[in-house]
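Order of writing sets the chain letters: A, B and C. Residues in each chain are counted from 1.
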Amino acid sequence: MPENVTATSDFAAAPISLWRRGMNFFATVAAAAAVVLVLLPLGAVFGYLVYKGIGSINWAFLTQTPKPVGEAGGGMANAIAGSAFILLIASSIGVPIGIGAGIYLAEYGRDRLGNIIRFTADVLNGVPSIVVGIVAYGIVVLSQGHFSALAGGVALAIMMIPTIARTTEEMLLLVPNTVREAAYGLGVSRWRTTLSITLRTATSGVITGVMLAFARVAGETAPLLFTAFGNQYWNWKINQPTAALSLQIFTYAISPFDEWHRQAWAGALILIVLIVAAVSAVRIVAGRGMLKGAN
Amino acid sequence: MGVGIKVDKLNAWFGKTQALYDITMEAPANHATAVIGPSGCGKSTFVRCLNRMHETIPEARATGRVRIGELDVYNGTSAVQIRRRIGMVFQKPNPFPTMSIYDNVAAGLKLNGFHDDARLDEIVERSLKLSALWDEVKDSLRKKSGASLSGGQQQRLCIARALAVEPQVLLMDEPCSALDPISTGKIEELIFQLKEKFTIVIVTHNMQQASRVAEFTGFFLLGKLIELDKTERIFTTPSDKRTEDYITGRFG
Amino acid sequence: MPGPQPVAKQEVAASSENQSELLLKAGTSQVADGVFHFAMLACGLCVLALVGLIIYELISGSKLSWHAFGLKFFFASEWDPVNEQFGALPFIYGTLVSSLLGLLLAVPLAVGVAVFITEMCPRWLKGPLAFTTELLAAIPSVIYGLWAIFVLVPLLRQYGEPFCARYFGWTGMFEGPPYGIGMLAAGIILAIMVVPIVSSITREVMTAVPQQQREAVLALGATRWEMIRTGVLRNARAGILGGVILGLGRALGETMAVTMVIGNRPEIARSLFAPGYTMASVIANEFSEATGDTYLSALIEIGLALFIVTIIVNILAQFLVWTVTRGTPARSHA
């Protein structure tokens, strides 16, 4: 056997230098450390939410409105209801328009105009929420002359629309074209095919997208600061300032009163629980609606 | 009962590219006519022009005259109305994934406004019997989804769906190419028996299949109809040399 | 093989008549198709209209301030509502410093997490770990702020800042009394909030690097870290940069958590212990109480500046990510 063969196998058997092995080990340790460092605040935030908030959640907290400054007790009932109210307004504007835009992009928008709209939606997604608040202020609050739940709803709707549009488009594009063709072959009109067949097939994905947008805006505070503005009392009128859970948490947190701090933690715990609950509930409903009729 | 198809100088384009050149032919009523040819010869495009499915592709268009019985496909009625009179079965079985077997078969009727529930039961049963799927699914019509069936069963479901609207003509675009041999055999037997009631045009790349199920065969090459004749004649003594080259396997 | 059941011919004839008639009667639906198309188009155009609306509102709202102060607005550091002197420099400084600090802390962590999850993690741990990092993104900003005020800030005041002052005081960036509240706290909370975005984009672009690249490097006898460094990270560079810039965009626009811990003092200071003020925070704090049109207009002008900067940053980021995941496939470097 020629000499160099042995030399090659010697080389293959030679150990990797200590430096390289050390670097490899160090890299693994560093990456793992990063994971720990990142999970630490997550655990800390959830931990403190439960630790500090759970004690203050009682029936009074969930059913009463805030007491005047300095007095103990009272609750955030109106803020919880107000958030729901504002989110309802936001969803009724944002969800239909968002899904409509998504349908347009997927089914009709494979041209230049569609690309422009797609790009613009992505740009819209990156607008800071405080700026959206300024815009809603200009459109609604200034024209009406006062803060209102409507203004808050509009601000949140502006944030929901681009997210819902893009996820709806993605989900519709996942529906294979053969399914659409089957409907066309039966002489079903285009609009009927898009709604009853294509959209129906993509339903669970579209609902997930809507739910994600919903969860994102449910916790928003900045756009509500000068649109919904907040309210000490119950409000069900669309044209009046309305309390919101996130606003209330903010106001209490930066206040100098311990009592309010305590309630801020409770409110925060409720907010996170509600967001998680809303997300799960929609997921279950979407899952059940899989096998439905043609109409 | 089925009606005959008459095609007169049919031309079709995808954007600027022409795909079909002056196709003129006849497919007689209550018979099966096969359309064969190498890949890209235009056979799928041809069949899709018969029920104006060709138009669903952006920038696609067709000119010429197609008559199905007394119906003038390109003049006088809209594409949507035409497609309700003609049934189509596609290469890859495409049942509606979110619908049950029952709803799949009834789809052509329900989505077009037909809501008589009592009659629907009857129609669904009849269509499934016609497509030889009834015995296999009759106990789980509403419980199982269309997509949960095997490939061959799905294709028979698609056939049932197409038949439920009682079309005059049934177009089949390589219906067995995605199926296993056993399912293919079942569907070929089905075609044989459907001929009594419907006029069938079937695109196939499998020459043996053409000779098994069709009385007439048309050979397409590069967008032109080279020859149309009785199937036995095409496969034993074709008139055109190009046809002969194809069936003897010199190309395609 | 069971064949199709025979069906009475008459039955077929009778029902086909009814069915065919019904289907023919069903109409052409051309009008309905047109209306539907139009309705969907209108929804799509809404998106364009919204951006147009935003630009219009911001520009018309800042006109007053622009006419009063011109370009100097962005270089003046005096923010005095009482005397109607408005200069945006402290806010620009505060936004930039807090965001950059946040990124500085977040990027190594985010990339480290992404590397761990994609390349080092045992398979069963991947899903839960990825999900947990995404969970960080789901926590609302105000809750981060709440936690920061009552947990992070005291920690900084008691341990963090004295530690920094002792060992890094020579840099001149850790001077002054350790309030806890200030630029450092803002930077840290921003880092925590930005990690999930940078991490998830990094993971996405790392996964997009084809397996052959990894195998090629390993076949040359590289250690796992060397494979990651040269076979994956190198190729995903552009995308990771895109993710970082996207994180920057998020940090620039972040309002609530920062407002709650930065101290809200419109001053420019070198020390990270000092309180500061960001563009988003000043709008959040002072907008609803702004007296006087010039005051409000100045705030809106700050909003306009914030809008323009975040748009540019986001477009740049998306472009970079696009080049790795969808556009040009990752090129190998020798």
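By our rule, a residue touches a chain if its C-beta (ideal position, glycine included) is under 8 Å from a C-beta of that chain, and two chains touch if they have at least 3 such contacts.
Computed from a predicted model, the values in this text were never measured in an experiment.
Centrality annotation: A (chain centre taken as mean Cα position, compared with the mean over all protein Cα atoms).
Looking at contacts between chains, the pair that accounts for the most C-beta pairs is A-C. Using the mean of the Cα atoms as each chain's centre, the chain most removed from chain A is B. Computed from the mean C-alpha positions, the centre of chain A lies at a distance of 47 Å from the centre of chain B.
Chain centres here are Cα averages; for chain B and chain C they lie 52 Å apart. In whole angstrom, the spacing between the mean C-alpha positions of chain A and chain C is 13. Among the residues of chain B, those touching two or more other chains are numbered 80-81, 84-85, 112, 165. Counting only residues that touch two or more partner chains, chain C has 23, 29. Of all residues in chain A, those that touch two or more other chains are 187, 189, 192.
Interface of chain A with chain B (complex): residues 110, 176, 178-179, 181-189, 192, 196-197, 200-201, 203, 290-295.
Residues 51, 53, 56, 58, 80-85, 87-88, 90, 92, 94-100, 103, 106-108, 110-112, 145, 158, 161-162, 165 of chain B are the ones that touch chain A when the two sit in their complex.
Those residues of chain C whose C-beta lies close enough to touch chain A in the complex are 23, 29, 32-33, 35-37, 39-48, 50-51, 53-54, 57-58, 60-61, 108-113, 115-117, 120, 129, 132-133, 135-136, 138-147, 149-151, 192, 195, 199, 221, 223-226, 228, 249, 252-256, 260, 280, 283-284, 287-288, 300, 303, 306-307, 310-311, 313-315, 318.
Here chain A touches chain C in the complex through residues 16, 20-21, 23-24, 26-28, 30-35, 37-39, 41-42, 44-45, 48-49, 52, 96-101, 103-105, 107-109, 113-114, 116-117, 120-135, 137-139, 158, 161-162, 165, 187, 189-192, 194, 215, 218-222, 225-226, 229, 246, 249-250, 253-254, 261, 264-265, 268, 271-272, 275, going by the rule given at the top.
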